[in-house]
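Accompanying notes for the structure given below.
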Amino acid sequence: MPKLRAETHQPVSVADAPELVLVQPEAERRRGLPRPLRRAIGPVLLVALWHVLSVTGVLPPTVLAGPATVLSSAASLWATGELQAAILASLGRAASGLAIGGTIGISLAVISGLFRLGEDLVDSTMQMLRTVPNIALIPLFIIWFGIGEAPKVALIALATAFPLYLNVYAGIRNVDQTLVEAARTLGLSRPAMIRHVILPGALPNALVGLRYSLGVAWLALVFGEQVNATAGVGYLMNNAREFFQTDVIVVCLVVYALLGLIVDFIVRLLERLLLAWRPAFSGA
Amino acid sequence: MPKLRAETHQPVSVADAPELVLVQPEAERRRGLPRPLRRAIGPVLLVALWHVLSVTGVLPPTVLAGPATVLSSAASLWATGELQAAILASLGRAASGLAIGGTIGISLAVISGLFRLGEDLVDSTMQMLRTVPNIALIPLFIIWFGIGEAPKVALIALATAFPLYLNVYAGIRNVDQTLVEAARTLGLSRPAMIRHVILPGALPNALVGLRYSLGVAWLALVFGEQVNATAGVGYLMNNAREFFQTDVIVVCLVVYALLGLIVDFIVRLLERLLLAWRPAFSGA
Amino acid sequence: MSGRDNHDLAVRVRGLTRRFGERAVIDTLDLDIRKGEFVALIGASGCGKSTLLRILADLDHGITGEVRVPRRRAVAFQAPRLMPWKSVWRNVTLGLPGGDHRGRAEAALAEVGLSHRSDVWPKVLSGGEAQRTSLARALVRDPDLLLLDEPFGALDALTRIKAQHLVAELWQRRRCAVLLVTHDVEEALLLADRVLVMREGVIARSIPVTLDRPRRLDNPVFAALRGELLDLLGVSEDVAGRRAA
Amino acid sequence: MSGRDNHDLAVRVRGLTRRFGERAVIDTLDLDIRKGEFVALIGASGCGKSTLLRILADLDHGITGEVRVPRRRAVAFQAPRLMPWKSVWRNVTLGLPGGDHRGRAEAALAEVGLSHRSDVWPKVLSGGEAQRTSLARALVRDPDLLLLDEPFGALDALTRIKAQHLVAELWQRRRCAVLLVTHDVEEALLLADRVLVMREGVIARSIPVTLDRPRRLDNPVFAALRGELLDLLGVSEDVAGRRAA
Amino acid sequence: RGASPDLSKVTLRIGDQVGQHRSKLQAAGLLADVPYKIEWSAYPAAFHLHEALKAEAIDIGAANDSPTASAIAGGSKIAVVAAWGNGGKGTRLYVPKGSTAQSVADLKGKTISPTTRGSVAHFLVVGELRKAGLTESDVKLAFLNPVDAGAAFAAGSIDAWATWGIYGARIRSTLGARVLSNGEDVNSGLFVFSAARSALQDPAKVAAIADYADRIERSYRWSREKKADHIAWYKTYAKQDEETALAVYDDDVPYRRLKIDEEFAGRLKKTFDTWTSVGVLNGAFDFRDYLYRDLAVGA
């Protein structure tokens, strides 16, 4: 008695077998705008919406200046050189902070990802510390690091360490066990194992962490640059808030938003370069 | 001519072949404390360090109150009912915010993870918005949502949406393409495909996002509770910072840290329940 | 190969080309499979058999040419491709319409000898067990075209015979078209109506097997066909007889 | 099986048990493999062959019993287990001591017929190509014990013969101990000094193959051994001759 | 006092809220001939500045009396070295254009934002409510950051807003907000320079602080005498238009230097007591212990 019975359909005779469907070649399927243009649609729509809301007065200028005002404010900030200076200053801080925080975060993630003992010591501590609000630590940082660049960089380092830690650690724990076994039989030394197996395997996750950290580095500036800053995007925004310069606030927001796009671009590029090996799903 | 030559070692005769090594059974390898105890080591060490620094005066009490002071401050805040009220108020906000933000974040991630068109519209917009500092958006939220609970919840929703978005989206894009193909040949409908293939495949990443979001929900309260709040952990801390109540600040920090441990516990539990299928590396 | 009525066809391929970079793995290939026909496909490793199968499964669109296949297809891939987050039985019935999934899964798993494994995660399956699960997943469906990519490669002799039997039985009952990729020439001759030899991106030879079923390995026609096919694969009788150094 | 001098052994297993939950997949198994001996291991799908191999490769410690293996081992797993983030040639030489990795990888890949694929990512390899890469990765090492888990399962007849030849040649040159898991009885008889039949968690039979090399399929001793082994696997001569329905 | 100490070796670390003093002294040409080195640091709000002061990362910094009292209550080791008063100008209680409220009493049951808790505007609200015979429970207080309160005011989420400086000027001009009370009889109008106690151990540094305080005094004088210059400076410094600059001018310039004496300690205590009465601060302090009365007052 055949048991693998097809129960949903009655057996069909060859005569009334179904019509054939055509497999559509890709060239005929794909059409429309090139990719980068299509990715611009969302942001452009958003700006358009903002413009409309501003012009119709739904968004009063005291709350959120319209795109036109913001453009002219940005132009004048650019003309005085303030905007460039702010971006450069913040960029420097973000870069140093990210370098330090990233190194710490990734190192700790490797330690707790690889070693049970490391996990026992490091992981719960990190999980505990990561929910501590940064701003509450600023007074401590002032005491330890003074009021120069150090506390700002330390704050960014702290803020960026956690996303990288979380994602790299998760990435390491997500590495295919069968590959780790295979690598073990190949006689890799521990450092070689980390370099050639664990870290590449954790890379897709690590890049998510990087994406996060790159964003957080800039967000942390809003707080870091409350401490004795005379330049920087965070400083500019804090200052604008003090002086009720809604247009400058929005210029800063736009700078932040553009930065988000740049971060996205960078990480996408890295993904394209570093994850070319990945047989992953890429959307329908 | 044999080409697969072993070049590093001279061919050995059977006589001088190497000694055999014993494969160690696990029972003899594993020893020591049970897991939860070992995970407590890190935090306990940290508190001990803090205590020592406080007692020896390296951390003066005006800067960071010692564990003893903090305990007694916590006790008195508890006695007045302030601490419980704060935690309850914040918990309610965090839960609503997370529910809304999580739903939005995951839905958008599914849309841009699954559909090229969705990605084009949603992803760059999200990448752009996520680097915009939340605090600068509070005025907008006030205009839209007033000064009641709504803007606080909205802020948390916003803050939690991004980590879930980022990680779920990355998770979806990390799903093994060969499995998606296999599922396609099984004739799954689109919703079934999402439910049975894409989301489970993205789950390890989604849980990282959840971990992040659960932390961020509380961190966002620090800003959310600047808006006309009379209770809440964020409110308590902001207040304490402005009025230099170092002991209360530290009580709040401790609450946040404990919360981090609780979040970690919850997510670990979820991982154990939901990721049992995973043949992943679990540390050496 | 082309004179037949289209209405009679389960697969119709004309001028199919698939390039990876410069290399055309499939190069203006034509192929017809009649409804209810059992076709075996053999060829050297890397010659494009799985690529062709993926195209027939409507999974690869980087192609030029005309490809027509029935709407209802079932595939057993070369690798088992089980969803690691679904237990074995849920993998088998994933996407199946209708009810009583558990019962149908159990029946299918029993047929491939895996009743005792239906509740475990795929990660604990042995190689052959995973392959049988994947086969059960394809056979439990109700296809007009069954695409099997080396479905018995990881099975021991006895299990393999049972699995072959199972496929043959399903085919005879359902009269679906079957395309079986295999490296085992005897297997191809035992099961198929026609054996295709793929080489350099095209179907180099199509050899009808007109032997009555059930077939016997010791039939002289069988032996002759076997010799011819091995020859086409580059294995001379002498090498086949005296294989290891 | 036990009277020999320990000094002469490459593998010594005594009272090995491996349980998964309640089920003892390996149940007080004893096994000796002499230095330089070529042993084939056959058995039904799911009987514990890969489990035993993993233990011999020092990858599974949930065991009881005594297991002794040489320090230098090389393994080709049942699934290719290539690092997806390393190109094919880097996979081959991963972890190899000494220099000129590229050259050695190219030589090894040439031997398995994959010269043209050495720079691609594993994801684009065909099933047989991936298997050959995995084999090259094991053969390029310099082991005292070579563990091969169905290394030729996804290969067509010609490629398979070449790969078998390669393993035999390496073994003869290096005189390393080899444990080859296979489902192909003829392959076991062509290559091995001894064929082990695994059943119910132990080595149920150990059959020495004393035929001179090179061996011929048409040798009557060979045919007799083949019949005996198939019988042990549950396949009667009759079924073997007349396989599909 | 002995021979004047050698100032050239002194580095005075000055904390400056939103960089205002530095900018203004520069504009008034008062930084040209400073005989000691100044290390400036800028902070967006008073409590940031006081955090730095508490950590002794700066020697001296200026803030209103309320944050200063908070810092003292919070255990900061500071002493008040100089102070100015403007007679309580600048902080006002506003209602929207269409509001029917004619007096503070009319706000009973309404929502008032005193900006942030413990701010000078909060101080004003507390005083105004008392004057009108109301308590805090008779109204709804919505504590908000200035920018957020501005949004709430524009959106009509609050019925009245107590605020200062630019915020007040801007809602008057752009939203037509009406002043319900100018608060001059309630506001303390104090502007207080505090020094880290460690800085006061060094006579040279004290001399530098004295000199710096004199320069501040001269800068106020400059603002009063050179109105056009002040307006021009303010417009670029705060990036405001002429109208706003003019609107805040009268509040910003009438600061007169106060003696650091018994009476001043009393004014600080009065501020502190107001805060303890509404539960914002607590404890008991003798503010005379937090004064440094010996700073030389020059020209």
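To keep things simple, chains are lettered A, B, C, D and E as they appear, and every chain counts its residues starting from 1.
One rule holds for everything that comes next: a residue touches a chain if its C-beta (ideal position, glycine included) is under 8 Å from a C-beta of that chain, and two chains touch if they have at least 3 such contacts.
Listed by chain with UniProt protein names: A, B = ABC transporter permease; C, D = Sulfonate ABC transporter ATP-binding protein.
Please read these numbers as outputs of a predicted model, since none were measured by experiment.
Novice: Applying the touch definition from the top, give me the chains sitting in contact with each of subunit A (ABC transporter permease) and subunit C.
Specialist: Chains in contact with subunit A (ABC transporter permease) as well as subunit C: B, D.
Novice: Can you name the chains that touch subunit A (ABC transporter permease) as well as subunit B (ABC transporter permease)?
Specialist: Chains in contact with subunit A (ABC transporter permease) as well as subunit B (ABC transporter permease): C, D, E.
Novice: Tell me, please, which two chains come out on top when C-beta pairs in contact are counted per chain pair.
Specialist: Looking across every pairing, the one with the most contacts is A-B.
Novice: Based only on mean CA positions, could you tell me how far subunit B (ABC transporter permease) sits from subunit E in angstrom?
Specialist: A distance of 41 Å separates the two centres.
Novice: When the C-alpha atoms of subunit C and subunit E are each averaged to a single point, how far apart are the two points in Å?
Specialist: 84
Novice: Could you give the separation in Å between the centres of subunit A (ABC transporter permease) and subunit D, each centre being the mean of its C-alpha atoms?
Specialist: 46
Novice: Subunit A (ABC transporter permease): which residues touch two or more other chains?
Specialist: 60, 63, 139, 143, 178, 201, 241, 249, 278-279
Novice: I need the residues of subunit C touching at least two other chains; which ones are they?
Specialist: In subunit C, the residues touching two or more other chains are 58, 72, 79, 96-97, 141, 169.
Novice: Could you say which residues in subunit E touch two or more other chains, in rising order?
Specialist: In subunit E, residues 54-55, 145, 147, 150-151, 154-155 touch at least two other chains, as defined above.
Novice: Looking at the whole structure, which two-chain pairs count as touching?
Specialist: A-B, A-C, A-D, A-E, B-C, B-D, B-E, C-D
Novice: Of all residues in subunit B (ABC transporter permease), which touch subunit D in the complex?
Specialist: 2-9, 11-14, 17-27, 29
Novice: Mind pulling up the subunit D residues that touch subunit C in the complex?
Specialist: Per the stated touch rule, the residues are 20, 42-46, 49-51, 78-79, 113, 117, 124, 126-129, 132, 149-150, 153-161, 164-165, 168-169, 172, 183, 185, 190-191, 213-218, 230, 233-235, 239-245.
Novice: Given the complex with subunit B (ABC transporter permease), which residues does subunit E contribute to the contact?
Specialist: 47, 50, 54-55, 70-71, 73-77, 111, 113, 116-118, 142-145, 147-148, 150-152, 154-155, 157-158, 280-281
Novice: Can you name the residues of subunit C that touch subunit A (ABC transporter permease) in the complex?
Specialist: 8-12, 35-36, 55-56, 58, 61-72, 96-98, 104, 107-108, 110-111, 136, 139-142, 144, 166, 169-170, 173-175
Novice: Per the contact definition, I'd like the list of subunit A (ABC transporter permease) residues that touch subunit E in the complex.
Specialist: Of all residues in subunit A (ABC transporter permease), those touching subunit E are 60-63, 138-139, 142-143, 146-147, 226-230, 238-239, 241-246, 248-249.
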